[in-house]
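Below, chain A partners chain B and then partners chain C, in two separate complexes.
Right, the complex of A and B next:
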């Protein structure tokens, strides 16, 4: 499954290259906007401009690297009924799909690698303040992202048509991950909401650890582990319900 | 003239048919419109959050940026609602379906445009007009009849600029040149960079976005005129650029059409 996901990423390299170009444009745009609003101000919300630009560059790279294809695949396979073949295999369905996603991410990373220098040049980067902390929070954040994507996909076993839900999920999760604005700038209610939602762990938290905006890693790591455990239980529960509801279209 | 009127009438008939087709899937249509609006909404939420902390972006306030954003969005929606189905041109050519268009006694471009309706673009239109209305009231502008007329002309002009690039690139597909990726890129540049004051990009990029790919003329120049930020005597003529470009794009289309070779079915 991992290999299939990996190959799939390479097969659609045209798509991924286009996304890379769009990523570069996005990072450039953000850099210009933020440089302009900072003007001569040395720092805002505890972030200097340099740290902020490094944050934005990283957060956008991360959001690109951790985007998930798995819900789209599951959606498609439920609609066409081919989900039957996945269920017939002697390996747990969720495990297959998770493996598929990991492979797909690795393939995407391979294609992303040559673009990274360009993105770093267009954006900006600083020396990591806390390298190991960054890697730990990012990997845990990735696990959360995959779990959430799987959970969203499972809705498909009830609703069949989930295209709009996926789109909505992607928009909301990207906004609250803080890829365009660090969570530290979110005003009042919006900030409180972003603080509760788990999307910050794929974007804001790791990048903020990297630039030293979050200095104590133990807090976020504990919360991340709690999310992973909680989502794990929720996934297992949802799946045990979902597989009783399986309808094979055209089967 | 009679020919144009006839094409127009047939175009509306075709669009009505495709609208009726879209309404067969009512929920999907509603969701399409809403997600279009939400998509644009989150884009503007970014501006709003940033300007919550920083009151000014290159000398533009929140209401002014919102006006610029709304103008661009409305122009974009107006360009894409009729042209969305032209996006499929390369598949239509590849499947040999385009031959049928040539046999019918109606301009093939009009037939292509009437094929399907842009649904999510109605969401863009909704979001764009809403932004324009709210921002127009909150920005420091003395509205009079002329200014409103200029705004309308600017929106149409901006739509024509976007439409011109889109049409010119689509017409290359008649000769099997795949421009899909390039179209996505151009659209991306228009939507990403068109909604901000050009000044923030500085130097080369500002120049490129003004004179090479005239993103600046879609919304930035007209809104600068409305908001009184630009007093070049030439600036109010910006909407005319759209007319010039679309005529040029139509010539490109005609030229490519003359070289059309069927895939042979």
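Right, the complex of A and C next:
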């Protein structure tokens, strides 16, 4: 299944190339906007312009790299009834789908690799302040992102039409991951909300570790592990309920 | 191989409302409507049999197959497939079963056929050596070589079906469910599918449950059929027993008497005789009394019998 996900990423390379283009464009635009917002001010909310740009670039890069095709795939397979075959396999459904996503991400990374230097250059990013910490928080954040995507996808077993939910989820998760505006700029209650939600671990937290805004990773890593464990239970529970709900389209 | 007893599946879904705000009411309703898809079904299937599992659209055929594969849990009743209860021993049961749906494919649309076959190999833990032997055999049997590296979306329906058949038997399951495997295929492709089923059944003693609306498939492949309608078994036995009717002689005469040897003229001016024993003698004795203009012999066929049952 990992292999299928990987091959599909390569099969849809047209998509990925467009993604690369839009990634570069987005980073470039963000740079222009924030540069003009900052004007001659040295720092805002404790972030210098350089740190801010580095942070936003990274957050976007991560968010593109950890995009999940799996929810789209699950949605499609439920609608067309091909989910039947996934369910008839001796391997658990969620395991298959997670493997699919991992393969897909690896394939996506391979295609994303050429633009990484460009993006880093545009975002004027230097070497990470805390390399190992960055990798750990990012990988754990990725696990959370996949779990969340799977969880959202399972709604498809209750509602046949989930396109709008996916769109909403994408919007909310991107926003609260801090890929548009750094979480440090969020006002009071919005900031508190972002603090509570898990999305920051897919964007803000690893990027902040990279630029050195967060120096001690033990706190975030603990919370990430707790999220992973919690989501794991939630997924298992939701899945066992979804199993009972299975109604396959047609036939 | 398969033992089904008192199998019942009732689907429960929220009542749908029509009219203004109907969709909203459907969403929040606590009222449910129940539909019995399979109703107290019982049958047994032995190892190596090829069974025609027939019934009109919506009779409960696919529901039965979904229960037998362990995807649906029945409301009541017991099922044993190769000694396992499909829905509680799901993973073990899955290894025993291959499935082909004519109407949908398990192949990955955007990837070359071989990728889907490799996926099946890895999901069912087929060791590399066995995978290669199995694949080589299937390549010969189904002529896969021409399109093994072609993305599935570019395959013709016949090629796709052959790919699906290969994916279903790659791990050599002792049981094969085929749901309309010849739907939409041309004569040659249908023939290829039938030959494949015969070969798989013969070589590996594979038990086959075949659901189809093409009764020529059934006549070519199955000795026994199970006929269901509205979730109930209405016939279970040899095809011969179902079509156990005499052949009929249909005669048009030069003259049109009211009756000939006790057979009345039908609306088209023909006389229809049941044939018992000596056919030439029968024709000769009719011809001796009345000059014959035309005659034909009607074989009882499965299609007319089943049509008769469906419309009953």
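Everything below uses one rule, namely that the second predicted complex is superposed on the first by the 250 of 251 C-alpha atoms of A that agree within 3 Å, B and C clash if a C-alpha of one lies under 4 Å from a C-alpha of the other, contacts with A are read in each partner's own complex, and residues count from 1 in each chain.
Here is the rule we go by: a residue touches a chain if its C-beta (ideal position, glycine included) is under 8 Å from a C-beta of that chain, and two chains touch if they have at least 3 such contacts.
If you're wondering where the values come from, they're calculated on a predicted model, not measured in any experiment.
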item	value
First (chain B), second (chain C), both or neither touched by A:96	second
Comparing the two partners chain B and chain C, which touches a greater set of residues in chain A	B
Partner chain(s) touched by A:25 [first = chain B, second = chain C, both, neither]	first
Touched partner set for A:222, first chain B, second chain C, both or neither	neither
Partner chain(s) touched by A:244 [first = chain B, second = chain C, both, neither]	second
Partner chain(s) touched by A:82 [first = chain B, second = chain C, both, neither]	second
Chain B versus chain C as contact partner of A:3, first or second or both or neither	second
Set intersection of chain A contacts, chain C complex versus chain B complex	none
Touch list for chain B against partner chain A, complex	28, 31-32, 34-35, 38-39, 42, 45-46, 49-54, 56-58, 181, 184-185, 188-189, 192-193, 196, 199-202, 205
Residues of chain A that touch chain C when the two form their complex	1, 3-4, 7-8, 11-12, 80-82, 84-85, 87-92, 96, 244, 246-248, 250-251
Parts of chain C lying in touch with chain A, wherever the complex brings them together	11, 13, 62, 66, 69-73, 90-92, 94-95, 97, 99, 101, 103-106, 108, 110-111, 115-116, 118-119, 122-125, 151, 179
In the complex, chain A residues that touch chain B	14, 17-18, 21-22, 25-26, 28-29, 32-38, 44-45, 161, 164, 167-168, 171-172, 174-175, 180-181, 185-187, 190
